[in-house]
Amino acid sequence: AGGPGGGGGKISGGKVVLAVLNDQSGIYSELSGQGSVKAVRLAVDDYKAKYGSKAVVKKIDVVTADHQNKPDIAHSKAQELYDRRQADVILDVPTSSAALAVAGVAKARKKLFFDVSAATTELEGAQCNKYTFHYGFNSYTLASGTGGTVTHDGAKNWYIVYPDYAFGQDMNKSFTQAVRSAGGTVVKSDPAPFPNDNFSSFLLKAPSLTPKPQVLGAMQAGGDLVNLVKQYNEYKLRAKGIGLAVGLMFLTDIHSLGPDALAGTKFTDPWYWNADATNRAWADRFQAVAGKRPTFANAANYSAALQYLEAVQRAGTDKSGAVVRQLEGTKIDDAFTHGGTIRAADHLLTHDVSLAQVKAGKDVTEPWDYEKVLSTVPAAQAFQPPSPACRLG
Amino acid sequence: MLHIEDLSAWYGEARVLTEVSLQVAEGEIVTLVGRNGAGKTTLLRSVMGLHTTGGARTAGTAEFLGADLTRLPAHRRTRRGLGYVPDDRGIYATLTVEENLTLPPAVGPHPWPLGQVYETFPRLRERRRSAGTNLSGGEQQMLALARVLRMGARMLLCDEPTEGLSPLIVQQIGKILRDVKDQGVTVLLVEQNVHFAATVADRHYLLAEGRIVRSLRGDEIRAREHELLEHLGI
Amino acid sequence: MILSRLSARPVPLIAGLLIALALPWMIYPPVALDIACWALFATAVDLLLGHTGLLPFGHAAFWGGSAYVTGLIALHAGLPFPLAVLGGAVAAAILAVPIGYLSARLRGIYFAMVTLAFAQVVYFVANQWRGLTGGENGLQGIPRDFFGIDLSDPFFFYYAGLPLVLAGLFAAWRVVRSPFGRVLTAVRDNPARAQALGYPVARYKLLAFVLSAGLSGLAGGLFAIGHGFASLDEVYWTTSGQVVMMVVLGGIGTLWGGALGAALIVELGDYLATAGFQEIGLVTGAIFVITVLVFRRGVWGTVHHLLPDPTRHRAPRRSASEGA
Amino acid sequence: MGTPVPESPVLTARSLVKDFRGFRAVDGVDLDVADGAVHALVGPNGAGKTTLFHLLTGFHRPTAGRIHVGGRDLTGKRPEQIARHGVARSFQITSLFPQMTPREHLELALQAGTTLGWRFWRSDRALRRFTDRALDLLDQVGLAAHADEPAGALAYGRKRALELALALALDPRVLLLDEPTAGMGTEDIDRTVELIRRIRAGRTVVMVEHNMTVVAALADRVTVLQAGRVLVEGPYAEVRRDHRVISAYLGDARAAH
Amino acid sequence: MLQQAFNGLVGGAFYALLALGLSVIFGMLRVVNFAHGSFYMLGAFGAYVLLDSFGVDFWIALVAVPVVLGAAGVLVERVFVRRLTRLDPLYGFLFTFGLALILQDAVKREYGVQSQPYPRPSALSGSLDLGLFDYPTYQVFVLALSVLVCAATWLILTRTRVGMIVRAATERPELTRALGIDVGRWVAPVFGFGVALAGLAGVLAAPMRAVNPLMGADLIITVFAVVVIGGLGSILGSVTAGFGIGLVSALGNLYVPALSQTLVFIVMAAVLLWRPAGLFGREEAAL
């Protein structure tokens, strides 16, 4: 998609195409999926409303594709979005393997990519590149948010059960580190098969470990997490003095399990719709178009799209190099983050996140109001320093 | 008892029976002789209501005990007292010998008890726990015959029941057929072994190329063997 | 001799070649490459399903196994991609020896289920052996080295990869129309008889299995290069199921039917996905079920059946199994 | 058994035993088949004749005992290995490749003796080298006119003839025939007897047969099996008078074929 | 350790119920039902939908869902599977593979892949003192019920004529009719019964496991391995292998987590080498 366009002048093809590539049928479809597409449309509206006739970009398309959480599909869809559908930027892409695949394509095509919902730190580590931005959270955030804070608050002994694949191992490592540096110990950490629907071996073993763990750290996601929590409740571990902390959990997981199943569980949420008035205001707007409350991923996609358009506006062109220069180091203040920064060194968005706790069912006063924000984890603690492995080419 | 009128049968376009008419009276043993491919099996299958699938069709009528069979499905025909021994013996691999014997319901007035079956065929008693198709060829043939006897059918349609049987068993089968006849059972027998046919049957029909070409009395068959062989031959 | 034999039926042959050459002009080039790879894969599977009478439900092990090996060779040895693909194919064939040895003695549904299970083992190994395979992240960034020529454009890469696919298809055709292929037909129709004639049936099945795995590996390796990528999906059982669907849809035992089935399913999947319809299984499943229920000859077989063809009995269908 | 061992047995079995899950189908059978003889195997149904065939041709593995052909120990060998040692068989139940023509059947059988079957890179035109011999064999069994019809469409008698031709194509030293005349009409039986007479030249034939006329016409020696054991062995004329055979097998000779 | 074993048995209960249904269907119809996992999933979804949309509780669902699914199974047999019975069993396998794709994606389209919540029935929510250890009541219930169902099924199929008739009807439908048995009456109900068993397993799973459209797809492959180990079509074999594999994988989970998923397939390969027809399978005729 080269050559000078029509009305936009410096805008390729005369328009900017924002592509949301995510899971629209799989386990992350509720978390992000179509909701994020709507959020991106909100960002487009906001941009148009803000700049009106002064907008550099007159025509903005939002396109979308389903990567089914599979890296190979993500890879070919990304190619297709950049080549066939002339996308200027790809947004979202949950699932680490898929995100890494798309980062590879972005690098080859020299087109922008904002990853919102994948957890891998590789995106800003060894696999970082000039055109890829990581926007939202990563496994370090989860570990230092949940692991660090919970340990700090007194639960020193951990028993970690993690799914035996890259994400799980990564989480296990980060959590162990975070727990240790907060002065706690990991009594034991066990890999569990993935996927798995029977965690009873681990749950039965937990109370008999010495020293007895105070927290069960579950690193599972999606269906596995649901299984684990159901079985955690069945074995009455909470009554036996073993709390539950979850590595990766989203609003939608609480919704699907029901808050009672999870009540009291602590976890890190990069953004919660009912945390403050700004968030709530945006959540209302989102609900008006999407019919439900937004997840952090919806908000982050909104923010990423908005910031991209702002950067194009400032650069006066949609040429990738120029837009990247505008984004690097930018301070952001919008519905998603107050005072977040896109680090120039590794293109990671650092911002404050919250440590949240699941409310008991009786405390839930309105639909989707499942979380109580316990504390704010400041950006400096929530995100790792830039990795020396990252060389933005 | 069995009354067939103008029965024709087709496999797709190929007509393999042409207006066959025959009668079998109660208590009679009648054989159907004819060379390979004459249509003997097809005739029995048509009477049993099995000549229906995959392009096969029939025309004409068959009456059994005065009732029209034409519109009845196979299992209803059997329930009226017809017992069938197919040419491939039809032994179930997934059933044991004993299950093969006890599977079909009794359909006539004199079903054989299991004990009588085993007395008559001691081999079957010995092998009663084996899978049906693990029996030797001849044992399977016995089993197939024993099965319809157990049902107590009023009329037996037997398709080459002596094929592959040892001479001793052949004699035994001849005896069984005569015995059941004495009990009032009617038999329509397909047979290639003319000698055997002559020893058991009251009458014979000679089938050639789908038509009845001769009808002979029991003893005539030996006297006219030469003439017959010509028919069977060419 | 080969050429004269090929030219015995020049019209379909030339038509097929022309379509293969024109494909990336007609459809999105990466999809064209997918079609080519799956077509070869399906043809390889038909070698077993249609010509040896075995239903392999675990061929993802070879397609995906080769994808990984090809990727590793390309990543670490820096060889031109055709050599990497060949390496993958050889690896798949080698992998097929123990699996085939254990399963080729089984028949019918047992064979299908056991190959499925072995493929799951390969899947779990690929998943566990993360240091090599990248686990569920897959092997990323597989290069397309080809003597320094830039093949990053999928349009050109299609033409670079096509000769490999055509060579694979030719090999499959050669195998079926060889003395060996005759023995396979015999093994399929009546193994006991073939044995009594002096043919070691289990070993013939094993060689067929290995050849089929090798060709599947050729396809899988090229697929990995084409996508720059090898992932667990390649060794997952759904891949095995998918390729069987293609063969059945195209027509079991027709050799080229599988290629047609592959084209139909890949293109349909692409069309539906582009149209935003996610539940592709709903459509492909329905088409497949209808094929199994009402036109078991498959598309190619049906067309072939309607057009009179003097050489028909040379490519027998599974009518043995369609009969009573 | 009291009978003397023939001079040069080409096929010998010693103390063969076959058990099926506790059921002993073959129980210590000794068998010597003289070179060039036609040797008939008779006995009541379920005596173990077919099972013995399966043992001799490797389709079943003996529980105990040994099998030698032409001095070589073939015990426990697989069917194809035994076939390659010159032992061919026909099946009691017709067993063909329904979609192949008789000519293709024979080409396949002739090819079995070569390594051509492994050459997956060759054209199947290589099989043409067998065509002449195939047609020749078909002519011998009277199938020349049907060389190119699918075997599935052949009449029963012709299928049996094709079975024989297939066995012949292996040019076996020993030919095992399981009930070659079962299910045939008188005239087909005569034709088959003629055929066996013609092809026995230069080879040894072992056959299972219930039709005593056929046995009388062809067999040099007869072994009678009963309940898995050898009851009697000897020339047909002797055997048929043996009272044990009469009571166990032939019964009242009047009804015999 | 003992507790772990108990645990394995509970996991095995699901394998056993599913393998039993699969075996009943295979034993009688020679169809390896690939869609069995989907029926299990439909069972769980049935319970979920009944509760979520109609407020129907677990106990009613436990009866109603298997009955409805069984009826659906009868329909599937009557309309589709029946057409395939005369063909190579592979066609049945392929057909049900397609059916599985359709069912799975249809549910996905309707409900998404998100796991749906299903609470445990309140009567079974506590835990029981089993003497040596406490154990969740619901799990005990699942174990007891499945043992009961397996035993009852076994009795019906071996001690009554039903099993015999259906086996016969499956092998030689035409001849069986000629022996005076109305084949049509039997086959479909058996298929339905197998499906109902899967549905029952699904309802039982709902309060214990994640209810989502994919829940059956992976499970079914393991269950295939279970029936191969037990012997395809052998009722006793599949039940024994079901519980056995449950035990093995619970202990495998504990001691060799890296192998835990391949374990069942390794066991399968070993069993096949040793006894190709499975532990309790009957050898199919040799020639």
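Letters A, B, C, D and E name the chains as they come in the text, with residue numbers starting at 1 for each one.
Here, a residue touches a chain if its C-beta (ideal position, glycine included) is under 8 Å from a C-beta of that chain, and two chains touch if they have at least 3 such contacts.
Computed from a predicted model, the values in this text were never measured in an experiment.
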Practice item. Determine the shortest chain-contact distance, in steps, between chain B and chain D. Key: 1
Check your understanding: When every step has to jump to a touching chain, what is the lowest number of steps that links chain A to chain B?
Key -> 2
Check your understanding: If you take the mean of the Cα atoms for each chain, which one ends up farthest from chain C?
Key -> B
**Study point:** Chain whose mean Cα position lies farthest from chain D
**Key:** A
**Study point:** Distance from chain E to chain D - Cα centre to Cα centre, in angstrom
**Key:** 47
Point to revise | Separation of chain C from chain E, taking each centre as the mean of its C-alpha atoms, in whole Å | key: 32
Check your understanding: How big is the gap, in whole Å, between where the Cα atoms of chain B centre and where those of chain C centre?
Key -> 51
Review point. How many angstrom between the C-alpha centroids of chain C and chain A?
Key: 38
Check your understanding: Among the residues of chain B, which are close enough to touch at least two other chains?
Key -> 134
Check your understanding: Got the chain C residues that touch at least 2 other chains?
Key -> 128, 192, 278-279, 324
**Study point:** For chain A, residues contacting two or more additional chains
**Key:** 25, 164
Review point. If you look only at chain C, which of its residues touch chain A in the complex?
Key: 28, 30, 34, 127-128, 130, 134-138, 140-141, 152, 154, 227-229, 231, 233-234, 273, 276, 278-279
Exercise for review: Over in the complex, which chain D residues touch chain C? Could you list them?
Suggested key: 57, 59, 78-81, 83-84, 88-89, 91, 95-101, 104, 107-109, 111-113, 116-127, 150, 166, 170
Revision key, fill the gap. The chain A residues in contact with chain C across the complex are 24-25, 64-66, 68, 70-73, 75-77, 79-80, 83-84, 96-97, 100-101, 104, 108, 120, 127, 164-167, 169, 194
Check your understanding: In their shared complex, at which residues does chain D touch chain B?
Key -> 20, 23, 42-51, 92-93, 155-157, 179, 182-188, 210, 212, 248-253, 255-257
Exercise for review: Going by the contact rule at the top, pick out the chain B residues touching chain D in the complex.
Suggested key: 35-37, 123, 127, 130, 134-139, 141-142, 160, 163-172, 174, 192-196, 199, 229, 232-233
